[in-house]
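Below is a structure I'd like to ask you about.
Naming follows writing order (A, B, C and D), and every chain is counted from residue 1.
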Amino acid sequence: YANKIRERPQHFCDRLLISDDWPGYSLDLFTYPQHYYGDLEYVLIPHGVIVDRTECLAKDIMQDIGDNNIVVLCVLKGGYKFCADLVEYIETLSRNSERSISMKVDFVRLKSYHNDQSTQDMQIIGGEDLSKLTGKDIIGTGRTMKALLNNIEKYKPKMIKVASLLVKRTSQPDGYRPDYYGFEIPNVFVVGYALEYNEHFRDLNHICVINDNGKGKYKV
Amino acid sequence: YANKIRERPQHFCDRLLISDDWPGYSLDLFTYPQHYYGDLEYVLIPHGVIVDRTECLAKDIMQDIGDNNIVVLCVLKGGYKFCADLVEYIETLSRNSERSISMKVDFVRLKSYHNDQSTQDMQIIGGEDLSKLTGKDIIGTGRTMKALLNNIEKYKPKMIKVASLLVKRTSQPDGYRPDYYGFEIPNVFVVGYALEYNEHFRDLNHICVINDNGKGKYKV
Amino acid sequence: YANKIRERPQHFCDRLLISDDWPGYSLDLFTYPQHYYGDLEYVLIPHGVIVDRTECLAKDIMQDIGDNNIVVLCVLKGGYKFCADLVEYIETLSRNSERSISMKVDFVRLKSYHNDQSTQDMQIIGGEDLSKLTGKDIIGTGRTMKALLNNIEKYKPKMIKVASLLVKRTSQPDGYRPDYYGFEIPNVFVVGYALEYNEHFRDLNHICVINDNGKGKYKV
Amino acid sequence: YANKIRERPQHFCDRLLISDDWPGYSLDLFTYPQHYYGDLEYVLIPHGVIVDRTECLAKDIMQDIGDNNIVVLCVLKGGYKFCADLVEYIETLSRNSERSISMKVDFVRLKSYHNDQSTQDMQIIGGEDLSKLTGKDIIGTGRTMKALLNNIEKYKPKMIKVASLLVKRTSQPDGYRPDYYGFEIPNVFVVGYALEYNEHFRDLNHICVINDNGKGKYKV
């Protein structure tokens, strides 16, 4: 009597869950800048897997939003690489397939991290073009948050979608999930691929876990 | 009597000069987003040549600044693609060679273009971390200008270098030359590769010259 | 009275014609392996333009042959880079769009060049799987020629398409045109991007014209 | 009493060992050609990790062999992607660093697999230029084997190095280890990234494990 319906996933790309006991990759397996030798514990996500997942997210976004006009709102500074790469993939799909997404790009900046503690206060800097968003679709990228969304909703956009490379499993989950995300990761402090520790490690290609030596060296 | 000394070029990469009578490439030779079909005159610089030149500039920068720490100051919004790609090339060199450049990344925003007229007033938005630049080297990227440099010099950085993808030959040249640049181009209005016309065309991969149809369609 | 009919181009991508008086790019504008410093005259086609054209050809092929199964016959050794890159672009389109091309890959080898003289005798080596081609579509890539086509037609494939990166304007044109090609070039001897002079220059990224010094140095 | 000496690894890049109980990645996490939907069990190695490892191997090879001339002997057909990508990385390093490797490229073909059984007989096809190898260094790539090495050694090359993307843990290990390799994998039958099952799956970007459905569908 059970009425089992196998639901079609909302998006093509599943979510890549990295479990708490995943030991990561040894740093010796990959190349990374020598000025960070000794500062890292392990590679959580090699750069190439970020690339593969971003391609997948771009395909999803294309299928959901194709033939619309969107404003991509890149959240600086941590989101700039993910945003640049995601936009590039969407552009590649746009110019090579039947459907195309017209994209404008804007930038906002949220300030919230000091050392490795996330603080609750945040400032929104820039993004004064948000008033133009009315009637447009938005894909926020990067470590966007509820505060930003509240701010954006004032402009009554037709649709808002959030794409985030990472979602962290925290002890006090706030229930917020982006519409598209690359990886769900353990509650560890990660750097690399534009994510930083006191402005360092943005120039690291892989997403890595910092070690105590690295934390001490770059403390402010 | 003339004492001609053939000077060794300051940088390895020569400057690529695109002459006023260069007809460009037909749009039919390349792929580009279909939402811009009919809006463009010709391709001034195909995307791949931007890539090749950026690799060359990265090599130059690496040779000049290798083993130093720099702060890359990306000038939004037009400079974000060039900056992201240049940083990525420098990172690739950094992790694969004997020398490495440690890079922090910051963003500023200059506002000056309305329609296709460049205005003289400009605002500097963001970049509140500039005070940290003291004693660091800077490479500004994008369509940076003198106003920005004056602003930066207040913080007395050890060295300032400017990298710009394009330098335009104008009727009233102001004598300013960036330290590194990709192309010297005729005084035409170009879009693509993050350069825009009223926020459109940032999602075009090649650098193109807009036509009258495109100007009319996207006028504000 | 003229009955002008603007014909729809057979393919989306136009043909990029490089004229006899095109001076090329200075070698100082790009990076290239230092073991070839002094051996080259100029850059005829920078690597990035090859990339852009290959993307365009892949889109054309996809539109013409999408949803079919093909056997890609790569002509060694000069065609291996073009073939590998073209196949990669078609794969990217295949996995990201509605249509997909299933591809098998095979390799043949034609021998015909000694020093910079093209000889008429040629051997076909390898490719013993050609008997399997019956009923399949073929895209030959590289510097394929009529001899190869005659050989392939024995197996009565459903369709044969030839893709070549370069077509050279010779004094005695044989009337043969590939179905897809990247560039029509002057009758100059070119090296790079897997094209060689006595097995040298395959590891050069750009397509360049060799100079007398280079010819002397690598003569056999 | 044991005199444990932690040996410095012969190469910079460690070996990436994929254990027998590694469940792989779900296929839904990545994009892949739709003509293979339903034919695969899981993703053993996503394409991006192949890319990251290849960059690392190229750096190792560059450090060991830099400033020499080598002949790269690509083993067709399964090795052509790895070979093309590895050569491209070495070229990138060559033209951007102080040291450079001059590379010639040749191709051989070994025939040994039918269905998913590896047979012991093999033929060497092509590679008639091997006589030129005398006094040169060789890096064989792909699924090279002892038979090939015996053949090559007749020409008394100065040095032979073997690079292989994969090394399989078999029940009867033959003790052979390549000088450079990307991954040590369980004894499973893998396809993708130019590795095939009866000529299918070469156009799959990731390295995957085939399922029974796929085996049945493409049996010959």
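The criterion applied here is as follows: contacts are C-beta pairs under 8 Å (C-beta built on N, C-alpha and C of every residue); 3 or more make two chains touch, one makes a residue touch a chain.
This is a predicted model, so every value here is computed, not measured.
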Duplicate of the B-C contact set - from A-D, C-D or A-B, the pair where over half of the pairs recur: A-D
Gap in Å, rounded to a whole number, between the CA centres of chain D and chain A: 33
Chain centre separation (chain A, chain B; CA means) in Å: 26
Chain B and chain D, separation of their C-alpha mean positions in angstrom: 40
Of all residues in chain D, the ones touching two or more other chains: 31, 55, 59, 96
Category of the chain touch graph - line, ring, star, complete, other: complete
Touch list for chain D against partner chain A, complex: 9, 12-16, 25-26, 28-31, 46-53, 55-56, 59, 206
Interfacial residue positions of chain B with respect to chain A in the complex: 31-35, 74, 76-77, 80-81, 84, 87, 90-91, 94-96, 100-107, 109, 125-126, 128-129, 132, 194, 199-200, 202-203, 205
For the chain C and chain A complex, residues of the former touching the latter: 55, 59, 62, 92-93, 96-98
